[in-house]
Amino acid sequence: MTTLVDQIVYACDMFGTAVFAFSGVLVAGRMRMDGFGVLVLAAVTAIGGGTIRDMILGATPVFWVRDPLYIWVVLATAFFGMWLVRLPRRLPWYVLPVADAFGLALFTMIGAQKALHFGTSGIIAVLMGTMTGVAGGVIRDVLAREVPMVLQKEIYATACILGGILYSLALHLGLDRLSAMLICIGAVFSLRVAAIYWHLSLPTFSLERRQD
Amino acid sequence: MTTLVDQIVYACDMFGTAVFAFSGVLVAGRMRMDGFGVLVLAAVTAIGGGTIRDMILGATPVFWVRDPLYIWVVLATAFFGMWLVRLPRRLPWYVLPVADAFGLALFTMIGAQKALHFGTSGIIAVLMGTMTGVAGGVIRDVLAREVPMVLQKEIYATACILGGILYSLALHLGLDRLSAMLICIGAVFSLRVAAIYWHLSLPTFSLERRQD
Amino acid sequence: MTTLVDQIVYACDMFGTAVFAFSGVLVAGRMRMDGFGVLVLAAVTAIGGGTIRDMILGATPVFWVRDPLYIWVVLATAFFGMWLVRLPRRLPWYVLPVADAFGLALFTMIGAQKALHFGTSGIIAVLMGTMTGVAGGVIRDVLAREVPMVLQKEIYATACILGGILYSLALHLGLDRLSAMLICIGAVFSLRVAAIYWHLSLPTFSLERRQD
């Protein structure tokens, strides 16, 4: 049982890696980068969050050094992606955001799980889950010289925070591992898809007082 | 005795964390970020320098994973800070810079102390003290897409360098730990306050030759 | 024999560190940074790539904490460099790019060597060699608020990738260590010098379809 769940999570993890890498390819294309720039942006988006998580936890060598399949997935996505985005036929607009929401949900769960596995407290697990989900995109945006999108609008990191809290809480309340995983993934995914569908975003905070 | 000093340093460390987090809140407000952006900028400013220091030294899991109180202080500061900056009544202008100078002095001392505790040489202790003091602010400015202020003007990092040198020197000359700590904190704090009061700054360096 | 080779590599490593630090000084001068900014840009350019490599591999404390001579070389280069760039007499234009190509070649070899020493697979060694060569320059450009040059044009990282592949391949095919080192350094250096001489660059990738 555990083995099957682990294998499914592993397969989904590779799928999420590919989706995140592809979002890096898209930004690289917008910035007119060369082939190496495409590779770098694909890589930092896909594995940047988990890399920082592992360095902070001291889980070194980091995950993709131990298992280079992540790197091969990024390479394949970058090459295939550069060809894919030039095709005249486009996918429906919602395919990529929904795939991204799924990757985000999975990365959050994996990050929180790894932190708890290292014996951290619940708040650190929430933080590590969120970091695994969003830090790669933040580095991507910094390299592309944009203010990281995730800091300015949309319910994105918020979904990770909620998912991480539910995951830690579920385990704390004695639920089995599989249920906790499904609750976390379900919560991040549905909140994120709802945010895309209804264009939900957090209010921005500014130094001026609101004109009520 | 040691225990009391350690407790005071710990309390001051939390105060410094809150002050640095609040400076992140101010930058986030200027950039019109959302609540998550405020949290991220508060966190990187307050704990970013120490995190890089710990990762470079191999002191992992990093300090705030071992002691999540730092994260709670950042969270509380971010929430309280967003409400605080909207109040009509302002603190006198010098309160924040002076509090910041105190935090900088303490972080420098803590960073240099930790490095020496790991058996590094004096120059590495100076570097780690300075990094603990300023690296968080550098990451904050990069995320806010500004050229890091500390690289361009004002005697800020210079105060850390001086404090780190005096701290290493004092211990090298055989002074007790408490005296070395007070010398370091006193030096950074006074130089920084003097720089604020008299608007001291380092000359900038440019590629053109000076017109003397 | 091994000792002599290691000593030559060590001397070349310090030379490469100085050259990379000097390129940081030049960027800092263009950005009108103060003395501390010059130090930071010199340091991140020279030792940033190796620092990230060591943190990812878990080779902590990182190399320059164990051997602070790297820091002294950076400090000396920064001070000497600020004076040097103001001299009326200039070096021929090709001196710096060629010295940089040599530093790049050496850093790539050292990075790949260290990764293999940690038992990583070939693709990770290629990645670590490339990271050691180019990541410092990427951080330098991010701090100077420029889109990292290496992501946009010129055959720079490409030379590192090729060198890393040849190095791993040579060792895999049973060549001795010295030959593998010379092949790697020779490949990176010649490709890079050729790219400078003939202004070779990779095609940039953009989202618009090519007008053929």
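Lettered A, B and C in written order, each chain numbered from 1.
Quick note on the criterion: a contact is a pair of C-beta atoms (placed from the backbone, for glycine too) under 8 Å apart; a residue touches a chain by one contact, two chains touch by 3 or more.
If you want to know which protein each chain is, UniProt gives these names: A, B, C = Trimeric intracellular cation channel family protein.
All values reported here derive from a predicted model rather than from experimental measurement.
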Next on the checklist: With a Cα-based fit, what is the angle in degrees between chain A and its identical partner chain C, given to the nearest 5?
Outcome noted: 120
Checklist entry - Could the interface between the copies chain A and chain B be described as same, meaning over half of its residue numbers are common to both, or is it different? => result different
Next on the checklist: Between chain A and chain B, what distance separates the C-alpha centroids? Give it in angstrom.
Outcome noted: 30
Checklist entry - When you check chain A against every other chain, which residues touch at least two of them? => result 55, 58, 60, 142, 145
Checklist entry - What residues on chain A touch chain B, complex-wise? => result 55-58, 60, 118, 120-121, 123-124, 127, 138, 142, 145-148, 150-153, 156-158, 161, 201-207, 209-210
Checklist outcome for this item: The chain B residues in contact with chain A across the complex are 26, 28-38, 40-41, 51, 55, 58, 60-62, 64-65, 68, 71-72, 82, 85-86, 88, 142-145
